[in-house]
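One chain, chain A, links the two complexes that follow: it is found with chain B in the first and with chain C in the second.
Moving on to the complex of A and B:
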């Protein structure tokens, strides 16, 4: 700080010099310095809250850090990662994560788009529909999980089970059967987040120019042709953006599954995030848990990179 | 004008004075009461309760009536010692993690916390808590003739000891009992099960889902303190040994037989949802009259006897755990104990000990149980002498037939220190075992496959 103060008079001296470029350069330097000073607190806060923990996570992941056996702690290099590659539960949880992400994102986009098209055609009640649709999004995922677990899916007592019995399907153990449990958590996530896709797509739909559709109608393009040739291509950026955002969130989902099934029955709904959590905080094997978290980070970065590349492709 | 102003002022003044007096009155009264008769039984201990005056300690507990009663009495402790106590309530699912994080970071946030007996090995391995012996043997801190350590339920003290050293003082504990519907059993001429086979046949006899009565239910939800809680008793009753040749073993024929029994019972006679139930869910269902029998903590008796919710009051009776093929009955030795955080400064450790001594002594135990003024009385007192006190026993009889007898018999004869394997790696082992049991209950794997898989995962955990 004292240094920059001392430099100040020199700068001022140059301002006095007749050359105009010198003056503007000095001005630019000062501006940059000022900008740096303004940026510094936010930058430092960001470093302290994101970059440092990330580096610490990576540092932890190359150590053995086991609260149950503190005497065995120490640097182990890539041992945690080698162990991870042979860990069948890691691969199983990665598969569950990918299935969960893939299905929820596709369902959200398809249902969200269908709803948006439907609502666009509505003459009245659009506003009401929109405000009702937004409700699940504003709920905390943990609350959503609790509601579904107790009111909706409980066998013999829940609403969904009641309808299943009414429909002649009989009472199902929604969260107790491995396949049904995975379906249930996918449905819950889709239920909560489809309105997000719906809102974004509805806004983009409303912004599409009318004249193109008018021209298409004059050319006698059918509704399907208009949808396929005009609506979809024009909506593409919005759709890709929704896919990217929802994919990243779905890959790192936690609260809803944690409250609904806790990863169970067995490990049927244990996504990678949940496995990392259990390893770190239930089993207290923090080094290996960190390695799992780093693996999840790598997967997320890779998938987003692919999606961004697709987005830029056209 | 002046007149009205005067009266208004006077009114305001008197109002302020009155409300101040009203606000102060209860605390003044409390203080006065606490200093007189209330503290006399404590002052008969030959120690200086005031020696750590001015210290402040934070205690983590779970939201439960047995701790709420203690919190209600805390002003008496503060008056007795001059130590300020802050309580933090943390749900049972999180308290283990929160206290482990506090202990490992050595911040000393919680001077003591309600501790899971299965965690003491982990605490001991990391030297996170202080041996109680240091404080029990210090004459300036403890009056042994007054505190009477031997009066505290021995099974719980054993459960909280590692290598013979007591690490946490039992505050409230439980045994597992067979709880059944007397009316349903009488109608079919059934007796409470003496062995596991009869337990199943009883369940079969009263099982009638069309009339919304299921034969039996046991905790199914995954967790080291949930399904493993029940399974561990079964495993021991089927003759299982956690250690074979010094090696922790969770599979093998006894384990398979125990898990198969558990899975069969749950499949055939429990509501499908029970697979995701913990004890409060079972007690709720039982109090709605939909369950014939269950085995769980004796403290669930207060739920099934809750006059506001229960439809089965007067129809409930109790018995000990049914015997397993090995001839043993194995109850839980679960208790919430208070350890002393080793990261505290010396003076605060001693202040914490005074708190623990106060909470665990016979006087406070009685005051939070049958002598508690509120509606909820504790049923898990830590003192044998109170379990023999007619006033307490009389109160406990209200829970139903044979409650006191079954609880006392279980406490004295059915406890088993090796109920669950006590090793520092327990958090990991318990979680792995819980997952295995649940996948068997869900039909994801056979009992054998689930346990073999668990064994495979547990072996590397035990390697140093």
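Moving on to the complex of A and C:
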């Protein structure tokens, strides 16, 4: 995992002096002190902004904490978690999270890989693709969501709806119909982040050695065989990396769905992340919201553990 | 021969579809921001029209101007970038070049912090800030932005520090320069490029952040991504103004994205090459 760090670099102390002498030991101590001074601010800040909130989150998750009714607050043990297991809205939001994550990641990787292969074979226009692909990726998901919600998908006004009418499909309530709303948020996420998969896979493709392909061509391997036997195995680490990164992001996506549907209609697009937010900051049940956030963390860790295991295999 | 021509046509066709799909929502926003209130509501939608800057004049200088919100976005992003870099550059140098006990664990810790779902950080953080009276303050929001900008910056910078040769440092020590002086005078100039790239991405991520901003925003801290909601309500949407605000919110990050174009893959996948990753 942290390969470059694990391989003990030629530390300065070792380079500078013969080992075993008092002088080198003194140097090592000085180096350690220097390193501690350099690392301390960043690590203190990280602990204050991540580790401490996490511990606090676990603490609030075993409490009843309701900003609307603070007089009833108190320690409740695992009650929030027990409630969570019986909460159909929790299971529904978990299902939406998994559907949203699964479909967006698969779409991004499949389209991204197909486009990367296509562009790789192009003699001209590669630069144009690379430049254009950057645009969606650098935008704020909140702004992207807002643009899609209004100028793209608003009934009768949005351009997508206009094309749907032109195509004879009729005006659709893209964000008001539960199924269409889920499809819409999946499409928006895929629109914004497929360029990411595309750029990473294109860079990996460009780094593959040419001579293997030469050999395959001489052996008269078909294009499909070349793809399946050579490209795919060589690209596997990059593909797995893209899958891991995109999965982590999709699981905790927030801004785009929040701006586009707010989780609605009803709870049709309410992913677990959004449910935890709504419970905590709209319904003001901080304790229960914390339990939901912990559940989300557990799901994230479990899924990433599986993905990292896949990555290590072979 | 026909087969080959057909294939070229197909490649061009597919390419155009995807390029258009990626550009269109952005271009369409720009076009709508340049329309009049009548043109924007025209049906069928107008692709040709007499452009006007009226919407920009209104959102920038009219009542309810979003200039304070743009300023707010800049203060948050620049503040986050400065604080992040001050902490991340020394830490990354130590992780990349010095012998530190528990370094492996430290590297793992930085990666693991990125796994925490943002909503899991904001709930306790909201309670803490409420208690110490830091809601709706710049110090509050910049502090929480460190939770994602620091791990990102440290990892990106480590990759740049690892690229510089050791000989430079050795020569400086032999000359009797102190460690601080060496770091400041010899090492940091070597990674200027890497630092610039990191600055771009930290700024970009801070500009685009939304969840923390939603919870912590108020009358003082109100970035443009939050303020754009002023233009959509249940009763009506102020189409041209909303388009103008969206374009203004996109502009800085698109400029930065183009500036850092060559480094974007590295910036997007940093840390992932070694472990986890975010965004």
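Simple rule for what comes next: the second predicted complex is superposed on the first by the 290 of 314 C-alpha atoms of A that agree within 3 Å, B and C clash if a C-alpha of one lies under 4 Å from a C-alpha of the other, contacts with A are read in each partner's own complex, and residues count from 1 in each chain.
In this text, a residue touches a chain if its C-beta (ideal position, glycine included) is under 8 Å from a C-beta of that chain, and two chains touch if they have at least 3 such contacts.
Keep in mind that what you see is a predicted model, and the values were worked out from it rather than measured.
J.: Taking the superposition as given, does A:140 touch the first partner, chain B, the second, chain C, both, or neither?
T.: Touch partner of A:140: chain C, not chain B.
J.: If we overlay the two complexes on their shared chain A, which of chain B and chain C does A:117 touch? Say first, second, both or neither.
T.: Neither partner.
J.: Figure out whether A:156 sits in contact with chain B (first) or chain C (second), or with both, or with neither.
T.: Both partners, chain B and chain C.
J.: Determine, under the contact definition given at the top, whether A:281 touches first (chain B), second (chain C), both, or neither.
T.: A:281 contacts both chain B and chain C.
J.: Mind working out whether A:98 is in touch with chain B, chain C, both or neither, as first, second, both or neither?
T.: It touches nothing on chain B or chain C.
J.: In the overlaid three-chain picture, which partner chain does A:296 touch, first (chain B) or second (chain C), both, or neither?
T.: second
J.: Under the stated touch criterion, which partner chain does A:171 make contact with: chain B (first), chain C (second), both, or neither?
T.: A:171 contacts chain B only, not chain C.
J.: Using the touch criterion from the header, give the chain among chain B and chain C with more contacted residues in chain A.
T.: With both complexes superposed on chain A, more residues of chain A are touched by C.
J.: According to the stated criteria, A:212 is in contact with first (chain B), second (chain C), both, or neither; which is it?
T.: After superposing on A, A:212 lies clear of both chain B and chain C.
J.: Jot down the residues of chain A that show up as touching in both complexes, chain B in one and chain C in the other.
T.: 149, 154, 156-157, 281
J.: Give the list of chain A residues in touch with chain B in this complex.
T.: Touching chain B from chain A are residues 67-72, 89, 149, 154-157, 171, 173, 175-178, 262-268, 278, 281-285.
J.: Using the touch rule from the top, collect the residues of chain B that touch chain A in their complex.
T.: Per the touch definition, chain B meets chain A at residues 97, 100, 104, 122, 125-126, 221-223, 271-273, 275-276, 423-428, 431-432, 435-436, 438-439, 441-445, 450, 457, 461, 464.
J.: Of all residues in chain C, which touch chain A in the complex?
T.: Touching chain A: residues 11, 14-15, 18-19, 21-26, 28-29, 32, 41, 43-45, 86-88, 90-91, 93-101, 103-104, 106-111, 113-128, 143-144, 146-147, 150-151, 154, 158, 162, 166, 169-170, 173, 179, 183, 204, 207-211, 214-215, 225, 228-229, 232, 237, 239, 242-243, 246, 249-250, 253-254, 256-258, 261, 264-265, 268-269, 272-279 of chain C.
J.: Considering only the defined contacts, which chain A positions touch chain C in the complex?
T.: 1-6, 8-16, 28, 30-32, 34-39, 41-43, 45-46, 48-54, 56-57, 60, 115, 118-119, 121-122, 125, 128-144, 146-152, 154, 156-157, 159, 162, 191, 195-196, 199-200, 203, 241, 244-245, 248-249, 251-252, 254-255, 258-259, 273, 276-277, 280-281, 286, 289-290, 293-294, 296-297, 300-301, 304
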